[in-house]
């Protein structure tokens, strides 16, 4: 104690000295650097996102509108057999209608091709619903087929030589005739959200994929969230800490690095092979995605649990809370933001994942939306995958639109989790 | 029917909860000193009913169909199935099922119709039986649970025991997934090494696995040296991380330290959208936006840049990985108690110094968790590289060259023409296995680092 | 009141509540507590004194097995509560801690509302049948901890938004809300002003009529005021243990004397 | 040495270091500090006393703008260090805090090694040219904080593995390692035994020869022992401020008197 | 199982989709579920066995191989109907922004893309990097060709038809007297040194890459060229441009037949199976101007079509292929 004096005390510092001043400036500069680099980093990330989204929007926005033609259809006995409404000659009916509509048109097939292939079924369904329409005239607004939709949206350049064009001069002329009559409109493309998949771009929609993704994600969430948290809590809080638990931890971390195809293979072998579940089933897809999401949630949860300060645990233990009470009452709520982050990211990833779904057959062409999680369907990413590889031009914009819809789905899905995360978040 | 069974199950669980809790309450009201809270008595009853009955329903659902099938087929007139192989039997079964489902076409033999009727009967019976058994089981468990209510009964311990059991079950799901994956990988890898010598695989520097898998297919002889493929993975992963880790960490630091709370609340979820963009889309982005940009850059500077570069794939993958790092790191930084932040600030540390020197080390486990996830994703990511990196295996570490990765090879080897006894297909598993080993190594290392540098606060 | 105190203080024929024999604690390599033998009496206040870092908190934490939560801590020896070995495998540390409450040296309120902080113990132990009873417990506990007046209008605010001393009192209120049989208090008055200190001391004295209280303190005066028995620790050893009066007036060990007279630290 | 002290104590013609005028602090709705005017002199120890929760820590935290870090805190009024408004926009809180050091009420060692805890300040301020100098600063600081002997063999161990009192001294060592011009100490001796307390008080006295020290304490004795000036806070008001001797022997305000004589808390 | 399940070629996929959708619209029955697994992958599952768990139909952009047929037989799938539905041209395309009028022989194409080519009378690694090294009339731009990966049937077809065809045109091969076995062994590898880039399974992606890089060529099915005729033009081989007509007449040298295969054991067991096959084989679908042709398929000559229709609807089982 006496030797204290033998040491020089901390000398007082002249904060105004140049040396210190320079240093302070340097540190300030370093701080500002960090701030601006950080801002720059976020800026880059945002820019990437903006670039992605704007490129999607620039091609995809067109898909949110669809060219329609309003036609007057008269159900005459010439084409319609009242005894077999299901299989009457609606094609002929439409051809006749279009020939009437377009002055000077002679080729019925060609002008009827302006209308979507689905138009005949619209006409059919209308009269089947109300057989009393026989002999009467109804007004129908039907989508045009894809090439004309492209034309109406200006995506077909009229200046290219005719030979290089998807639509020939006479076809364009016929369509222009319709335009001049004011029967062409471009309303919001409800089919994009309300229809299931179709071979025809103008009729193709995402309803099936949306439901498929919804069911798959729901299954994935219901399995992965509780199981992931349960596993993480057990491993972090209850399992004895030894070589074995380290080994398990490493292996679970490692699971995150397993290529997603391999999960697909596992699902193929176990769910489809052993349990004999069907192909293309959202429920199976959800289970597969759950296997994939599990490690993300477990890792996030464990990290979040680790971050809760020991003093909180001590406080609870000190009043006689059991270990589970400590965890469920105190630690888990404090760890919730981290857990939700893991869940958000895990589910986001699951939502966008394609490869494992290919292996269990969710890249199928299904024209009906699934009514339950056990009906065959596609999912959004696989639908995008299919559309992206379709030759029809209309699918180019629809692919982008589908991606935008997926992102919208993602944002909606995450909104709840993000709201919860903000509520749980506290700095102490 | 299943729905009713589940409803029954939940009703029974709730009933158990209410019954036991009120029983415990009345005991307590009668002046007894109960070991556990009445809610624990209730909770124990609910769990006791819930878990076994749930298990029962699941098992029933899994196995009842095959039992019914067997019953139906077993009840066919003797000799009908003689000489038929399993496929044909299957078809008969399918037809019987169709008939039972009311879809009759053609004129099926009478014995099929009879069997279909029987099947329909079994089905109805099975459904009723399941309901009955569920009810019985739930009731029995209710009674058992109700009997446990006594002052000495350690309901808390029992309930916690069940919950712990459930958590162990959860862990085992993860563990069994791992085991499943390891087992399948190991099994096929061993078979692969019976066909291709391991040293050729491990130390070979040419990878040309497109060997014929059918006698009549035309392709080159296979060469299975995994080094170039592995190198490709390495290059792309490194590029991705070089991009994602600094951007992610810096974003997290900015969000946590410098950004206004409102900006932070907005920016974090926005960044998280990056994780959910389908990888196919990133693939397009890499090929159509980044790669041409790089190529133009190459033409301007005279750098030899391949049309499909590791760089393009890596950069785009990096974009995808940003939120893994930024969000995890942000959470970990937020979790550090304020007292520590105050301690550093009070010493005259700038916020930059505070976050870098004090908060960051304290938040290491969470941050490393995020980075590890990002590494894992980078290594395991498939679609982006399939589309953007190419398929040619080259011994190169030049990120401007085109490379291929382990995952790309796995996918190309497994999709399309496959046959599970050709080294070509098995090579995919060997690759997967090697990938597993490598990432295992990375994870062990990371765990060590975390253990070593982890700073336990408070 | 003072008279009563004096009367009670002389009555000292209580039963032992806790017996500790040969307690050793290691933190990793560090031998923090060396072979400590102590009998803690029922309905008595026992004070632990000794220089900082001598092992007082460590010993306290042995008594309700809080050291279980420190990964590197190893506890040896025999500690019995009412004759039962508390380190026995069959003993549930949870129930032990419900009986042996603790106030920590560093105040550690939950990041919950003030009300919930206090109500937490009674809730998990099911001490109340309804909200009114719980309210009552919360109020009495806060009153006893001399905090009620300051927080009665802000019970819903977070416990972490209190001043240092308020947090400390909150932790005291939390600990007494469950009426533990033994209350371990690690420097409960370190952040309190004299008045609050007096109130807490009064509380301790009141508790003593029913329970056993162990208090760590650095204030000799406080030890002398509130405790009937005092243990003096030094460098991990229990140097001396006996009646408070005797320790302060007539220490047997020279180290005790030096400490009390302010010569070793 | 004692003689010197007395000599110095009488010398009281120091310059003001900090002037605070009309300081108001709100935590959200709560008005925690009401219109406080104080002059803190250079080369003087100023003690803040007052019942728990009266706003001492809050005021202390205003003096180095630590309240900036509390999201809900709002500070109004005028505080000047050496005549410069510290809440001025051009003032860099970082530099301010380098000049105005602080020891917190709850010890908050970094989860780093003991050495790094103390070395942190000197490192970021670039106070040393080489390792040897840094070692010297660390050692002196720990010695002054009366911790050196206890930790000299375990400098590489984590600061969070220390006992409560040791952590408190570590935080003191950390704060003095950068030689701040003003040192704010929020109950620096609350977890310390008498000897350690005496050592810290000695340190405070020594610091006073060069710097200004503000200390929050609940111990009237301590305030009387170490401070030359004392401020008494009550319910967010600065009730009385003056020479320590005068405050303790001849308080002007009845509340001060009640507090000192132990009647309000 | 209520729906028909169809797997197989990605090339046939759009046509099967069209038939499936038309079928569902016409009859109101549930639409078949169509999965695109690639030709080989399709046979793999198709030949897995009979019964509800296995698909009923598989599409193929080449005829079934002997080995695949054997696999089927081995698993009890003995009765298979082969339905030839039309042809598909394989095109090599380039952006319209590229103003050179590309016309080459298959031999020149081979020289540009094969791994090994004759150089000065010797068979060795392909040295050509620029088009004008192959034919002085070609522009002096680097050879950059995006093509399908080995997993796709398109690649198989390209190799078998275009590469082998080109190989056989070379003087070196013609005069060397090599047989087709030699050709098989030596002319099947695409080069791996850069100019030929395997671009993944997505043909639209190749289309967009061509637009981005006017000096690059791409290999994909004709329907993609047809849809993108305003941006792309086909390379002529031997002066013939790919069009529906030239493909149908086989004037354009690179085209391949498209098939689907029916598991006859499932007819009459899986609901609506026969009806669907009738729809797929109907005139409305297959004939000139039918809805499959509208989607880009080149129809069969009338007579051939009638013959196939009858056989498939009847359910005539195919005999084992020879190779």
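Order as written gives the chain letters A, B, C, D and E; numbering starts at 1 within each chain.
Just so it is clear, a contact is a pair of C-beta atoms (placed from the backbone, for glycine too) under 8 Å apart; a residue touches a chain by one contact, two chains touch by 3 or more.
In this text, all values refer to a predicted model and were calculated from it rather than measured experimentally.
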Chains in simultaneous contact with chain B and chain D: A, C
Separation of chain C from chain A in steps, with touching chains one step apart: 1
Most widely separated chain from chain B, with each centre as the mean of CA atoms: D
Top-ranked pair of chains - ranking by C-beta pairs in contact: A-B
Central subunit by CA centre of mass proxy: B
Computed distance of Cα centres, chain C from chain B, in Å: 49
Euclidean distance of C-alpha centroids - chain A vs chain E, Å: 32
Chain centre separation in whole Å, for chain E relative to chain C (CA means): 84
Gap in Å, rounded to a whole number, between the CA centres of chain D and chain A: 57
Sequence positions of chain D contacting 2 or more other chains: 94-95, 98-99, 106, 124-125, 146, 178, 199
Residues of chain A whose C-beta touches two or more other chains: 27-28, 31, 276, 310-311, 322, 334, 388, 428
Junction residues of chain B - those touching two or more other chains: 284, 338, 350-351, 353, 415, 456-458
Chain pairs that touch, as defined at the top of this document: A-B, A-C, A-D, A-E, B-C, B-D, B-E, C-D
Complex interface listing, chain E residues touching chain A: 1, 3, 5, 10, 13-14, 16-18, 20-21, 24-26, 28, 30-31, 33-36, 53, 96, 201-205, 221, 223-224, 226-230, 233, 289, 291, 295-296
Chain C to chain B touching residues, read off their complex: 92, 124-126, 129
Complex contacts: residues of chain D adjacent to chain C: 27, 30, 49-53, 57-58, 105-107, 146, 150, 154, 161-166, 168-169, 186-187, 190-199, 218, 220, 259, 262-265
Residue ranges of chain A in contact with chain C within the complex: 241, 310-323, 325, 329-330, 334, 426, 428
Partner chain C, residues of chain B touching it in the complex: 28, 34, 36-39, 157
